[in-house]
């Protein structure tokens, strides 16, 4: 396993995933789509954590532990975020972040 | 063996990245959600390749089975039920965003590709048991805090979402 | 097999061929059973309703499933014009794989399973949880508001009942100290079948499993008298067949899982676990136990009325989940004690664990029933007081 | 069989009782109180078994084992890993904590038993509606005290300490619905919430001390690396701490051969820690600046007063000083600047005298006892501060018994006085609005009868001067009289308690008080000795006043005439406690007298100090027991007798009426001062509350007058200058200025665009910045 694929390959894939997620978070208009971008970024981080765990210190479970924490927190974040969007949608009839501008200036 | 695993890795990576691109390119948010599932599944595949089957299963269970469903649910709830694809899905700064994302990718890749020295150890045979011991041993406090955070998120989401 | 094949070809090809063969065997097995179950269901329901059931095609109507299949395959394949074609077709495609994939870890005999993952149970729940996606997509893709509402109901139900289903298993995981299904079965030969140790969990698991696979009394998502036919309103022909197929495979799998987790799986009672007879007879024993559960689900379908939709969620979250948590707590407290006592007394764990756990479960069940009865009576009294003014 | 191994069960039983009562049996009153009492009995039995086991093994052995962290006398479990260290919980049974659990469970059990009668369980119509909850709180409280006493480190200690704080809040405010009022135009007018206010006051006041306590724990943990007693109280740790300073910079540094004092602050660690910990004790044990909560706390039910203010919570503060005595002593030895023990002694001494004088002028039977408690706590604190820590702990022990007895006795008196209200509604009852109305149809009359007077002004002290006699107040000693015949058991037990408190020989208080006095005399702390002896005399005087006005003479009101003896559930605990209050002093009889009985048993039991070594030999006796000094003893007894005689001379010679003024009130100014507790409440109101308001007002005025004045002046000058400059401005600078203005405006308009209120923009900026920074990093690497 370790011989088949170098660590750098995983890191580059994770970097690409992160960059795509970043683009999603920066460029999408729909709040839920932004959330999806953030989820992608979190996944990229997780891939990094697990890859480093596997390649650098497989005996120590810290990498997996933190990946699990991130999964749990991402789930919580998604729940809260979506609940917020639904609440916003109810009161303002839109989930486009450009139109939710009550706090501007 | 080498070629076989390498090609699986390539396939899984391509699935992940294509899924991710689909998320940010799709015309409708619902389609984005579907692509997101593909990407999540690809990440789970990466975990399998990295010999973390527990995380792979957790990824499928939580991301695909729960988060993605939640997102699709929210999409259904926040758009007119049979809504049109709408105007452009991207905002005005998408060009700058693309440049920044590309630069980010370059910077991250530059730092990633170096001469890592992989450890020759293999992961513990009963990784799930080791993980459980890690949670209830050195990481007890973070574990409990995460539990509390989840509980708070649960309550908060219910309060926010109910009318 | 891979070892044998690798004499003639590269190792990776041998591995692929092995996996393909095993997978194909499992898929054929699942499909055959599905056909059998549809026949059994027709016959049993018929008998329960004082009819004879299918008896035209072949002896005892045995060829009826084939006839049904032909009928379904030859129906017109409709795609609603307003529906998004890709998504509409994706739905049925996504429903079947999870139903088949879970068979990979089911132990058919000692050492006989597609793959003995050491996270087997987690794998099952992970894969099973993705089946909701197919339903959601089908509901959305049909572009029909009834389909959508039905799909949302179905998903809400399945997501909710996933929680008690998974929680009811925790006790077993604690007792066997492993997520591997082979190990869980092994453990049951040492400490006794888990149905004796975890009767409450068994009942909860059965209820939640019925809801997971949308069987009566939890078949609201697809029952005709609810929202038309739920998520598969618009589907016909082969695509409807997919849903049909997935549902029956799920019924079979859930039955097999219940048998594996609670009834000792492939084990023959009173035969030691290491007896080689298990390798040969195991699959048949397992199928026998499985069909007992299949019969139970059909029996329930013939007997019980459907749950009302507003009671559905409350039952999962307010009754089953707390009960599961109590069960986990009880198991966690009692099992170390049982280990201690058996070590002190020098008796096999099973002889202490079974009476202790049965007693504890009985006490817990009694308390819960007493409390539920009391609160129900109170609520009724309160309602009665509201109806009749105090004057 | 080692009982000590199971010491964790001692606090666990009451805790379980609390959980069971709250969750399951809340509806069944009798069952709830039985559960609470049963749990207390179990704890008590276990405590006594541990006690006898400890006696069997010898206190030297016990202390050495506890100190070395050996099971069963010291049990530790890891609780929460925090950074590099781990917070531990466990049990630490040294002679001090063993004697404490025995005392707390004994007194607590008596109080639990008594509470059944006090809350009228035998009379269903008058049973307190929150009866079960009361016992739940009491159980939690007992669990808190027991857990605190046996805790092996300060972290566990503060956890249980705060549990006690919470319970004291809940219990003092137990009758939170009860309204109090003022007597106006011949009837009672409801005004305030004395109970809930008292609860809040107690909670907040002790919190002031707890801040110090908490900081002290943090400081100790930071400096010593642990708060486990067995690790802190080693010679090595203490010696290291003596030389440790908290602060910035080094005390001195060398420069070219010269020693130059450095800039910066360095505070000796031990002194700071000791003083901070003492702050906690000051709050909890109601010492001088923070004593104000205790008298108000009398608003709670009387068993609560006995529990909180006699046996347990206030003793927790004294216990803290006794427990941390090695730290105090080490700080004192290190003698960097302030000597913490002197501070302790000074505060205690002042409190003792101060509270005793206030006690003279109180009319409420419980309030007299409250000030007496403060005074006696001051006694103990002063004793520990002046080095007589064994005697101080001994006094805490005896005081717990006789003060619990006195409080319960006063409760019995009040209960008897309320007999009239119980049989038929009183005017006070009818007038006082009931918060709970329909929910509490049969509120007992403790709840309904106004007992404290409040001013309408919310900022006024919760308790204030009794301006007019209130004929319905069952707690006013002027409404009593002659109860000796009505309530004989109460009277005789009360007499025992009074004799013990006033230090009459053979009763418990005498021996402990005398040990303190003898110690201070023999260590030549003459001033301390004189003040404490004087306090003893004052104690005798106000107790004589109370006893005479309550029990002697003729009844002064209808209530007193109708008074009945309390039920046996209340009198039996009184009898038991009276026996204890009489005999418990025998444990500490000095060698010279009691050689043939116990011979300074208490001293030999407790006055041990661990050294660096291991095993029982490592424990040495800290000091020789203080010997009986007949001069000191004789003087203190004489003072007490003088106090009694004065009390009789002023109050005992003739029959008073209920509305008559106190004979001492002729000295009007002094009387009012004392009755208002030296106006401490008013002082706090006028300093801290009004002070902060006044400060803010002053600052506002400063702002308006001076700052604004400066600004206005500057403006005026500017106007003048600009008139001159205007010419230059208009013709020369204008173009330039306009140019600048235009540039600025344009710039501002462009910059405003950055503030889009559009999250994704900000995110973009964040990531651009990250890119720039990482670019710089990569370029420089």
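We just call them A, B, C and D in the order they show up, numbering each chain from 1.
Here is the rule we go by: contacts are C-beta pairs under 8 Å (C-beta built on N, C-alpha and C of every residue); 3 or more make two chains touch, one makes a residue touch a chain.
Just so you know, these numbers come straight off a predicted model, no measurement behind them.
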Request  = From the Cα centroids, identify the chain that ends up most central relative to all protein Cα atoms.
outcome  = D
Task = Measure off the straight-line distance from the CA centroid of subunit A to the CA centroid of subunit C, and report it in whole Å.
result = 33
Remark   = For the pair subunit A and subunit B, the C-alpha centroid-to-centroid distance in angstrom is 6
Query = Just how far, in Å, is the C-alpha centre of subunit D from the one of subunit A?
reply = 52
Ask   = In angstrom, rounded to a whole number, how far apart do the mean CA points of subunit B and subunit D lie?
value = 55
Message = Show the residues in subunit A shared as contacts by 2 or more other chains, in ascending order.
response = 22, 26-27, 97-98
Inquiry  = Give the residues of subunit C touching no fewer than two other chains, as numbers and ranges.
reply    = none
Message = Using the touch definition from the top, which residues of subunit B touch two or more other chains?
response = 1, 54, 58, 66, 73, 91, 93, 96-97, 100, 104
Task = Examine which chains touch each other and state the graph shape they make (line, ring, star, complete, other).
result = other
Inquiry  = Considering only the defined contacts, which subunit C positions touch subunit B in the complex?
reply    = 11-12, 15, 82, 87, 90, 117-119, 122-123, 125-127, 129-130, 132-133, 136-137, 140, 143, 145, 148, 152, 155, 159, 162, 179
Message = If we count contacts the way the header does, which residues on subunit B are in touch with subunit D in the complex?
response = 91, 93, 96-97, 100, 103-104, 107, 110-111, 137-138, 140-141
Task = Write out the stretch or stretches of subunit A touching subunit B in their complex.
result = 1-24, 26-30, 32-33, 35-37, 39-40, 43, 46-47, 50-51, 53-59, 61-62, 64-65, 67-69, 71-80, 82-87, 89-90, 95, 97-98
Remark   = subunit B contacts subunit C in the complex at 1, 3-4, 30-31, 34, 37, 53-54, 56-58, 60-61, 64-66, 68-69, 72-73, 76, 81-82, 126, 128
Interfacial residue positions of subunit D with respect to subunit A in the complex = 752, 755-760, 763-764, 767
